[in-house]
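After the structure tokens below, expect a handful of questions from me.
Note that the chains are named A, B, C, D and E in the order they appear, and that numbering of residues resets to 1 at the start of each chain.
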Amino acid sequence: MRVGVFICHCGNNIAGTVDVAKVAEETRKIPGVAYATTYMYTCSEPGQEEIKEAIKREKLDRIVVAACSPRMHELTFRRTIEKAGLNRYFFEMANIREHVSWIGENRELNTKKAIEAVRMAVAKVMQNKPLYSSSFKINKRVLVIGGGVAGMQAALDCADGGLEVVLVEKSPSVGGMMARLDKTFPTVDCSICILGPKMVDVAQHEKIKLYAFSEIEDIKGYVGNYQIKIKKKATYVDWSKCTGCGACMEKCPSKNAYDAFNFGVAPTRAINIPFPQAIPKKAKIDPKYCRQFTKGKCGVCAKICPTKAINYEMVDEIVTEEVGAIIVATGYSLIDMEKLPEYGGGKYPDVISGIQYERLLNASGPTAGHIVRPSDHEEPKTIVFVSCAGSRDKSIGIPYCSNFCCMYIAKQAILTKDHIPDSQSYVFYMDIRSPGKGYDEFTRRAQEEYGVHYIRGRVSRIYPKGKKMVVRGADTLLGTQVEIEADLVVLGTAVVANSDAAHMAEKLHISYDTSGFYVESHPKLRPVETNTSGVFLAGACQGPKDIPASVGQGSAAASKVQALFSKDMLESDPAIARVNINTCVGCLKCVSTCPFQAIKDKELKDGRVVADVIETVCAGCGVCTSTCPCGAIQLQHFTDNQLLAEVNALCQM
Amino acid sequence: MAPAGFLSKKRMEDFLKEIGKDALVHVPVLEGNVVVFRPYGQNQTINLERPANAPPKAVIFPQSDTFFTFRFIKDPQDPKKVSVEINPPSDFPEAIIFGCRPCDAKGFKIYDKVYIEANGPDPYYMGRREKTTIITLACPAPSAGCFCTALGGGPAEKDGSDILMTDVGEGFYLEPVTEKGDKLLKAQGVAQLIEDGAKYGQEATKRQKDTHDSVKKPFESINYRDLSRDLFDDDRFWEEMVSKCISCGACTYLCPTCYCFNITDEKTLEQGERLRSWDSCMFKHFTLEASGHNPRPTKFKRYKNRIGHKFLWYPEKYEEIIACCGCGRCIRYCPVSVDISEIVSNLRKTE
Amino acid sequence: MPDVALQQELRIIGFLCNWCSYGGADTAGVSRFKQPTDLRIIRVPCSGRVDPLFVVKALLNGADGVLVSGCHPRDCHYSDGNFYARRRLEMLKRLLPFLGIDDRRFHYTWVSASEGARWQETVTNFTKRLHELGPLQLKKEVSS
Amino acid sequence: MDQMKNPYLPELATVVKIIDETPNIKSLQVVFNDPEKMKNFRFEPGQVGQLSIFGVGESTFVINSPPTRMDYLQFSVMKAGEVTAAIHELHEGDVIGVRAPLGNWFPYNEMKGKKILFIGGGIGLAPLRTLILYMLDNRADYGDITIIYGSRTPPDLCYKYDLEDWASRKDVELILTVDNEYPGWDKRTGFVPTVLNEVAPSPENTIAITCGPPIMIKFVLQNLAKLNFNDDHIITTLEARMKCGIGICGRCNIGTNYICKDGPVFSLAKLKALRAEI
Amino acid sequence: MSIEALKETIGKVLKDVDVVIAYKEGFDALHSTPHFITSPEQIDKMIWNPLCVHNLTTYLPSMKNKKVGVVVKGCDSRTIIQFIQEGLIERGKVVVIGIPCKGVISVAKVLKAIDHKPIENISFSDNGDITITSEGEKKVLSLNDVSPDKCTTCQYPTPLIYDHLIGEEIKTEKPAESVYGDIREFEKLSLEERLKYWQGEFDRCIRCYACRNACPMCVCQDSCIAETRDPHWISQRLNLTEKFMFHMIHALHLAGRCVECGECERVCPMGIPVNKLKRKINLDMKELFDYEPGVKLDEKPPMFVFNVEEAKIKEHKI
């Protein structure tokens, strides 16, 4: 065995606090290390060339690079040695930058630590076995979860590229948050007017299969071959018959149903079509309010329905779809206003959220575009907008900025002036965040052209006074307390992850941050990938985003899927569990602990039962290996012997 | 050879201290409920009442023994060139086994044939054997499962011992058996502790005989030719005899005559050693080949080999000596009480 | 941070899951969060890969302390691996003192890839604790 | 301790050449580091050696170069377990340990004047090779030499350099076979025992020597019996897990005989007397 | 119970199975030995008395290709339940003949009580007296005094699972808290004392693997990592480190699975308290997960399952 070791200076990053020459010198003393050298930037093109040269010149058969984190460059160097004819798994990295040079100040101790890190890597690499990927067919269908603007964009881009798309939307219509908006900033064009055609495209695209009012029940499989269980929730209306005529909605006697689409700004009927432009435009019954369900009798809609589409007996249905990649575009939610008691959120009807106000502004909304106070339906004249309602507030666990509130508040203030010319809007803000194209100009217009009064400062309290709401806050620019008696208060409520985001992440095997937003592979360089291959992110499920960013990510995720699907076969990661059938005793404890159901029992010719790994399902966690008492199932590249070699390299010195 | 001597029990500790001056003395010590051989030292309860749970064979044939250590030597000019330096042990310590039983001592005689006589001396075995003196205690009483007399031995068998002690009440009657034993008794410091044994001879003989007569005999005597080869090669016989065997190595590891071993290497990055360690023919992997093939895949085949080895092949090769000393440990300590004497008894030709 | 550099370094072995804790240690590095130098890190895919026997092996063979760190519960890259790890390692933690090994020499915890500061704190405190306990020397005692 | 008499101490030797025989078989040519040892080394065809990879362990291989060619000792190693895998990682110039010669050998003197039939399969040609080369180096002493050799596929044939030579010689009849049709293969196909039947050599004044996988040996022995070969005239070599190599450690015995010491060469008559399960 | 009833049941069961495993007399008066009954004429040789110490279920996993009847005591029956929890036997292929048990003897304790003298005869009376004839003299012992520890705190004298129950059910009178009394007592020692204790005990180990092979729950048997090179957890060196490591492997692989039949400890020829570590883990399993091996059919061993929220596991702070 001839191990070659390359110790990287990383400019001054490593060499600054580690004596790399000493590391090379000590490493060279290890039997089995045939070659050890240092290099300024090993990851550079000439650095990689040097490795390739040395492999040939010194007849090296194992390579160790001591440099940065393997999470950074392991793949780079694996490719390098593969080009030089070695199996890519004959490689180990010793992390002497992030784990040594950057965190320790004592050069001597750092050098010692680096020497030992290399020693461990050498010990491990000597145990490494060549591993070979096997390839498997890709199912070139894609699942898009979420029919908001990001999801729709992703679905359309994929479909236009010729891929079959399964689009799953949990609410009865696609459109998401954008469908609820009146206008968009900074252009102030009609939101549904630009979204509507996309929604229609989604509905009509021959490559897109839409499951509205459906949820992801279960995800099994792996990149290239997922089995998705989708729950089609009962609508109690046979959508194959429903024409969306709306007759049922008109006649429905239950008139106090909660209107989720309008965020409860006004009630709706127990049977309803969420909004006029809904796609699909189909009715559904809310059994919580429907008298047929609550009282056991009514049946008005069934009688009235011209196509006899009503079916009170309908139950949830599970369907299975098979896809090769998943785009997650599950969007966001808004903080529950009750969590903002100082603003009277949820307590005073005339303190509403921005999205509710959006519905009031909207011509197809419950007030037909007339701005009225929820309490008495009078037109407000003094309107106060409060930005950062919840956002940037560590005390309630939302340390981040919700990204687009400043902009929509400016927009809403402008629209308010359009709707009610004699009104006066005030905006309490902490900073105005308007870094997008044309954004800052827009906020200035609100102030300069529309006379919106911007007050820099936090609102400390909102309380009722007669018919008015008193907004008390600080004006930090003037250094004074301000109190405004408002007719209506609009809160720029914080964007939060969906309440089921964590649950969804667990189904997808992707990570989420402390706020529940999904974690991308790399914050700069891999913004729409996740650490689970085959699963991509688009839109606000990854973090608060405005429309153009969400659309951009939808397209980006789609292009990632296209790239993934450009090949017919995918290479599997060979660093998966493997069973030694000679020593497996068939106790099948691994089967019970495998988080991926990737292990089955198999009967051999001689009648013995052993464990059998489904290569493509195994994700390589190694739980089986630490479960197996007889060491028969070994996670390749992290076998007991490989880890023991590292332990021994440290303990046997 | 010096005449028999007498060691008073009161002087036993002095005796052990004296002989321990030049050698490591291994004595049977009571620990909890078991008797084990330990180097003689402080705070020990020496127990001579019953045979030790494990025989003292590890004194001469350690359970793991270093054949040699090795070190990789790198060529300072060319790091690709690595040579190896091999270092076998240069010497073995003087040792004395005190208070083992005649069957234990006889075990070494069975070893000697293989490890010294037949194959050229095994340097590790012989190195220790030559430097070990065996002071045996004639069995004061048989233990459960003992059957030494059926195999031609006996609780006062001298063959294998250097000195035979017989408990005669207030002390031990000491008979030198070999030159080595004789020398030990004549050594100045020791000789001072030994009295004339003449007057205890009769008592010793009586006690020896009493014990001899009380040892159970599952069969009168045995010769390897007496065993039925047909039965031996009949799978059903083994199935009936050893279905209950759980394939552990207690019988072989406690056996004074079992001598099979394994050789394994251990190393760190820089150095290592080649070890000899006890192995057991009862283990499946004993004969398991790298290819997965195993000539003795079942416990029946393995047990058959064990009996074959002790009662057929060893005697066929070595002067008809049965490679079993009848100490009974494999019976006594078998987790499921497999009885080797019963099996051999059943294997005898019925005429 | 205590100046442990003044003392003889101890042998501390850390098993870190690739996705969270190894990343957390990287993050600490990227952030230049200074740490004592005693720890040596072994990268494993998941804390669920860590057989408690590795900990025992390390302690018996000369390690003065062992640290295992994985993703926070519910946040496992492999969804359930750390749930198994938690049970196994808790079992081990309770067993060690029964054998006469101070369980403070073994610590398991959860550090995510973003928690560089938490990692720094973990390493610093664990190293400090071990320096208070001193060398274990089980190997010497046990192999005598 | 006197090292000369210690049978467990390996002699250091250097790998001078490595030949890739088949995808999973390599041959090593080794030379003792001590030139005196090399000069004085004697062995008989069929004897084996234990190769040591220090820190990994030892494994037994037949010396498949003949005693008539003493520039090096050649061993062929199929990758199966830990030691063989380590041997496959060796480079030319690496130092290993050798304990040799061990075991018995082919009774080549008693074969003089007789016709010799070699029947080999796969790496089983290794022990036959040493005897074949020995006989070719003493060609006048022996009658007709026939070699039936087969493997799974053509790439699995060992010693292609020898096969080429033997095929070109007039004083050797070489019959090659592979299990199934294979692109570019124009010689026989079929299993070795079947080919043996097809060739149907006469038992007259002939010694048959066979080595190969156990299943092949089993059927070759059956077929030789059908061809009326006498058990005394059938010779095979056996394999087993070996450790000590000197008949002590207890694992490779067939009754009283230890394959490492009393073998590996056995006549069929002897094996039957030992009640070996073949 | 009457031996005749047992024999009659075994006779019936034998018609249905390939073999019934029971007990017969062993090589001396103090030992019984497992009796593999394959034909009716072998039934007569069988015995039932407090010498029947073995946990016969240990053979079951290796006899999967046969239908087997097996005689079990209360303690042994837990093994059957544990086998079923872990899917190691097919219930349909095992016929369990349960016997309520008032306790068995510990050979080691009896020998100690009679000073390791040879035994000629032993007899048992219903009141728990044992009469031993040794060197011509009779000595009467009480079963309670010479029972293994597991009997003195036995919670399950009546088998928890059986197809046939021979004799009347017995209810335990022993307090549940007593089961781990010795473990709690041991935990009062200092760390140093504990380490010294284990060093002393493990030092006697000869790695014969009797404990492992007698253990019904040691599923690996011939594949045990104590002997393999891949994985290479321990060497064949016979030093204390390796002995210690072997016993840790044994204990950790039995974590939450040990049914406390005590076979490991009974069979150890060197008198090592092998069961103690596993019982300590069991105590923890009980505290952490309210789990007791081999008691309920519908449970799963705690190391192979988890709760997302573990009520009893608190995060450790440094």
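Convention: contacts are C-beta pairs under 8 Å (C-beta built on N, C-alpha and C of every residue); 3 or more make two chains touch, one makes a residue touch a chain.
These numbers come from a predicted model, not from an experiment.
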Intersection of contact partners for chain A and chain C: E
Core chain by centroid distance, with centroids computed from Cα atoms only: C
Chain located farthest away, centre of chain C as origin (C-alpha): D
Chain C-chain E separation of Cα centroids, rounded to whole Å: 36
Intercentroid distance (Cα basis), chain D paired with chain B, Å: 39
Whole-Å gap between the CA centroids of chain C and chain D: 53
CA centroid of chain A to CA centroid of chain B, Å: 70
Set of chain B residues in contact with two or more other chains: 72, 80, 82, 262, 264, 266
Per-residue multi-chain contacts in chain E, two or more chains: 221, 228-230, 233, 239, 303
Junction residues of chain A, two or more chains touched: 2, 59, 593, 627, 640, 644, 648, 652
Residues of chain A that touch chain D when the two form their complex: 1-2, 59, 61
Residues of chain E that touch chain B when the two form their complex: 26-28, 30-34, 36, 54, 58-59, 108, 112, 115-119, 200-201, 204, 206-210, 212-214, 221-222, 227-229, 235-239, 263, 266-267, 269-271
Residues of chain C that touch chain E when the two form their complex: 52-53, 56-57, 60-61, 73-74, 80, 83-84, 86-88, 90-95, 97-102, 107-110, 122, 125-126, 129, 139, 141-144
List of chain A residues in touch with chain C within their complex: 69-72, 95, 97-100, 102-106, 109-110, 112-113, 116-117, 120, 502, 506, 509, 511-513, 519, 531-532, 575, 593, 595-596, 619-623, 625-627, 635, 638, 640, 643-644, 646-648, 650-652
Touch list for chain B against partner chain E, complex: 31-34, 36, 49-50, 53-54, 62-64, 141-145, 214, 240, 243-244, 246-250, 252-254, 262, 264, 266, 275, 277, 280, 283-285, 329, 331, 333, 335-339, 341-342
